[in-house]
Every structure is written in structure tokens, then in C-alpha cells.
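Before anything else, here's the structure in question.
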Amino acid sequence: MENFKQKLHNISCFVFDVDGVLTDGSLILLQTGEQARTMNIRDGYALQLAVKKGYRIVIISGGKSEAVKTRLNGLGIEDVFLGIEDKISTLKNVISKNNLVTENILYMGDDLPDIAPMKLCGIASCPADAATEIKEISIYVSDKKGGEGCVRDVIEQTMRLHGKWGY
Amino acid sequence: MENFKQKLHNISCFVFDVDGVLTDGSLILLQTGEQARTMNIRDGYALQLAVKKGYRIVIISGGKSEAVKTRLNGLGIEDVFLGIEDKISTLKNVISKNNLVTENILYMGDDLPDIAPMKLCGIASCPADAATEIKEISIYVSDKKGGEGCVRDVIEQTMRLHGKWGY
Amino acid sequence: MENFKQKLHNISCFVFDVDGVLTDGSLILLQTGEQARTMNIRDGYALQLAVKKGYRIVIISGGKSEAVKTRLNGLGIEDVFLGIEDKISTLKNVISKNNLVTENILYMGDDLPDIAPMKLCGIASCPADAATEIKEISIYVSDKKGGEGCVRDVIEQTMRLHGKWGY
Amino acid sequence: MENFKQKLHNISCFVFDVDGVLTDGSLILLQTGEQARTMNIRDGYALQLAVKKGYRIVIISGGKSEAVKTRLNGLGIEDVFLGIEDKISTLKNVISKNNLVTENILYMGDDLPDIAPMKLCGIASCPADAATEIKEISIYVSDKKGGEGCVRDVIEQTMRLHGKWGY
């Protein structure tokens, strides 16, 4: 935990998975074949604030939903990568294209496809209800579940540390 | 708490935020770009009753949803201000236009944009799952979460005190 | 509780409120003005079974939703009264029209408009999260919340006692 | 529990009910008469992985929803039997048509119509919130509720035992 707090000083970029991190992991199945997802308004507030204060937010998800893209773009997030099977390649591309340093990146994921990209980043973190393997490699496990404020939790802690949290 | 009960005697106007107060903070993302919100039926019953018994209900929200407006108007609430970035200006306008006295106003909010308008009102209150800063400045923290009866809680307590609660 | 078990022997008719009893009290607000409600599949199974075994099920609700009517009719329930402001009149009409005896009726409600009709029936019962006044006049408070199995609870207990529960 | 672990070695086929097992038991009622169901993303991940690694997944449900079929087919599951009143006949047909051995089948159900087919299979299991009768005949009761990871739980345990779990 002390390790986490220390590493938090370096964070200027957040990478989030969608399902089970930005959402509560539920899929509402509609007759049209549409799968509606559920996000959290206080996570959204923190994401919007982080973008405004100059943090880079990157979204990498295996799922593919226009509704998710619309919501995240609306919060000011431009790097939204959906329908990604090989997350680590996408992450490496983002890093090299923007000259990012891995120590500056906090990654939050919840399931097996997140293992490889998580290991690449300065901070590996996860929601309270992440898969076993994910919890094992995370240096920070939020006390909030996916879709219930885990994203807000890591953003808020980081921005407070940097003196950037506030209205 | 004693302070809260005492101040409750003066309340004739309630100001509520929408997301995380009147809703559970969830956003259901639909393919059309629509963001569906979830409210609580027992909150609705209390709001309707308060309007009938002559209390003024004011809604001030940063979000903008026709569905929310439809629901709240249907409950008899006329002062529904949505898409508001600067909540304190809106509140001040409502106050001056209707010659309200701040001691008579109970405000319930859950996140940073509510801080300034909350401080203006006789009673600052919040749901059980409000942001840290909000809890700190609230003289009453409901044991109910947003969308799970926190609105009913403050309305019911007030109306009971005034002998106006009941079918 | 002993009183409840004893009175349960006489029950051949169940009266249920919709919002907060058959539903979890949530209203999902859609752009069209539609308010989607959420019911529970195991409640539905019990309702269907009760109808098949000859129990009378009566639904009386202040709300008015075609979706609710469709669902309940689909379970075999014919007496579905929606948009009712004066529940006790509706209940009295049902009773006289069908020559029912009040001792044979179990009523489950959750909020103020249910008080008067509840008092008329042999058993007054409610979900775990009912309003204070309702809990006070209920001889049985289910340990299940609205929309989470409270309806199943009272139907299952009754049918077990009568030796009619089972596939 | 030891019995369960031992029997798990033989499992090569999973049979799941839909409502209350693959879903959280909720039905969202829409004006069109549509009943939207809610599934879990981590269950879906496990189902997809099991199919890829050669396990047979069979779905038998009393309900009938195109949305459910679309979702399950999308995960690679072909044996999706919906609108089934007599589950045991369907299961027997699947068994004989594919020359399955009952000892190799794990069944997870939550309510009365699952009793007969459950008894036929090598392992009878259920979610944490299953009906009383189902819990009584289950040799394994998951600590996860329906729609909250009970399906993932049994698949993950089986595949770990077989050394097949992983990305």
C-alpha cells in the first residue's frame, strides 16, 4: 500500500478496461440484439475532471459498443479502443505513438485478458470483484466494485496527491 | 443531529440534485446514445405528497435528460432545471424570483458541483454514498443511498415534524 | 408469527401491489417517457403455480403500465387493476363481485395507499423494505425485499401449508 | 465438498438454466411487451473459454427470448433450447443424440423445473439464491448468486482442475 502511494506520484496516464471496471459487469440483453451496459455517474465525473486537468485517459476493451464510445467521447476521452483482442499490442502502440513512459501509467482491469497489459504498467490495479489472477498481480485492489466507483477511487486518490482534485 | 431536527422545523423548500440523489448514480447506455436513469418509486411518492401539501420542490442538475423532466413534471414538480453548469447561480435566481429565505431550504446533493449551493441553504444533506467533501459539509447524512430512498427520508422526516405526513 | 401461520390456513386469495412489491421499486426512465419496471422470475413462477392450483390472485396498483399488464396476464392472472387511486373501493368491488371472504385474503403492500385495503384483509403482510406505517400494521414482514422474492415467500409458505406446492 | 471436487474430474459437459442462473432473475418489462434479461460479463468470458477448450455447453430454459439466444450463440454455444416445458426430455434427447455419459455432466439450476433433470446428472449444483428444494439436492451450492458469477464459478473450478483455465 505504501508502495502504491509512492508510485501514484508518477501517474499521468490511466488505462481502463470497460466491462467490469467502468461497468458493473452486467449486460442487459434487448430483443434487437443490443447489449446495454451500466456505468456510474461519479466515475464519469472523475474521468471528465481528469481530462480537463491534463491527464491522459485510455480505454481498451474486448467488447464493442457504440453506446460506450458515445458516453466516453462525451466525457472528453479520445483514446477509446474497442473490439480489441490483443490488448498488449494496442497498449504498446499507444505508448510508442505518444512517447509515454510505463512508470507513469496506472492500469485497471478485472479479467484474464488484462493480465499482460497490466504487467507492463507502473501500477496494476483492479476493482474489488476482479478475477483471482488479477487480484494477485495488482498492487492496489479498490474497495469499490466495477461500475460502483473503482475508477473514481484511483483517479481521485491520484489527483488529490497531485493537488489537482476539486471543482 | 439535534441541530438537524431543530432546523427541520423551518423547511418549506427542498432542492435536489438528480444523479446520485434522485437516481442510484447508474447510467444505462443504449445504442441510440440515450442514457437511461433509474429512480425510486417511494421517493416519487414522497415528492408528489410534498407538492400536494404545499412544499416547494426544486431540481437542479448538471445532466440533461428529457426522461427525467417527464418523470418529475409528472410528479407535479415545476422547477426542474437541467443542464446547469453553475448551480449556485440557478439557485440564487430561484431564491430571488420566489422571495425564498435560505433558512427554509433543505439541499440534498452528492458530488463536488453541489458544494457551493449546499453551503447557501439552511440544511445541507446528502445520501449515504455521497462524495467525501459532501459528507463533510452535510449536517445530515441519510442512511439511504442515492436512488434508494434518501429523498423520501428527508421529506418524510420534515413532513412528520410538521404533522403533514400521511395518505 | 404463530398467529400468521394459523391464519395462513384460510388463505385462498392473494392481493398484491405492484411497485415495491412485485417490483424492486425502481423505475428506469426512457427517452420516450416510458418507465420500465423490474420484476423477479421466481416470484413469477410462484404466481403462475398459484393460479394453476386454483388460488385467486388480484393485482391493485396506483401505477399504470401496459408492460406490467402484459407480464401479469401472461402468468395467468386476470384480475389486474392498474391506475387505481382509491384501492379500497377496488378491493371491495372484487370482494363483493366474487363473494370473497376477507379472512381468506392475504394482502401484501409497501406504502401508504395500501394501509386502508390491508386492514380489510385476513392477513396484512409486506416486503422487508416497506414504509414504516406498513410494517407497523403487518402481521408478517417478509425477509425479502420488493422484487426480490417477497411475493414468492408468502405464496410458497401458503401452498406448502396446503400441500399444494411443487412442480 | 470433497465428493464434489472428485466428481469434477469427470465433467466435460455443462447444462445451465437461464433465468436465475445465467441471469440475476430480474425481468425488465418494456412497453413493447419485451422482457429484457441481465447477464454477467465474467460468466460470458468463462463460457466462451470453455467452448474454445472443447467443453460442451447446453442451455435449457423454460423462458423464450431471442435476445438470450443471440447472446449465447455469440459466445459460441450451439445447444440453446428455449421455451422448454419438459426439461428432462430435452436433456435425455441431448444425451442420446450426442452419446453423452451422465457422470460427465454438471447441471446448474435454481428452481422447481430443474429438479428432475438435475437428478439425472453427475453433479447437481446451484447458485447461492436457489429455491430450497434445489439447494437440498445440490452437491455444490455456489457462493455466487444467479447472474453474479455462479456459472463462472463452476466452469473455472472445473477447468482449473483439468489444467485448462487461462488466457
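Labels for the chains are A, B, C and D, by order of writing; each one numbers its residues from 1.
Note that in this section a residue touches a chain if its C-beta (ideal position, glycine included) is under 8 Å from a C-beta of that chain, and two chains touch if they have at least 3 such contacts.
This is a predicted model, so every value here is computed, not measured.
**Q** Quick one: which chains contact chain A and chain B both?
**A** The shared contacts of chain A and chain B amount to nothing, since no chain touches both.
**Q** Give the label of the chain whose average Cα location is farthest from that of chain D.
**A** The chain farthest from chain D, judged by C-alpha centres, is B.
**Q** Taking each chain's centre as the mean position of its Cα atoms, how many Å separate chain A from chain D?
**A** Averaging C-alpha atoms per chain gives centres 31 Å apart.
**Q** Measure off the straight-line distance from the CA centroid of chain A to the CA centroid of chain C, and report it in whole Å.
**A** 43
**Q** Mind pulling the chain D residues that touch 2 or more other chains?
**A** Chain D, residues with two or more chain partners: 28, 32, 36.
**Q** Counting only chain pairs that touch, give me the topology of the graph as line, ring, star, complete or other.
**A** ring
**Q** Applying that definition of touch, give me each pair of chains that meets it.
**A** Every pair of chains meeting the touch criterion: A-B, A-D, B-C, C-D.
**Q** Per the contact definition, I'd like the list of chain A residues that touch chain B in the complex.
**A** Against chain B, the touching part of chain A is residues 24, 28, 32, 34, 36-42, 44-45, 65-68, 70-71, 147, 166-167.
**Q** Going by the contact rule set out above, which residues of chain A touch chain D in the complex?
**A** Within the complex, chain A contacts chain D at residues 19-20, 23, 25-33, 35-36, 63, 110-113, 115-116, 131.
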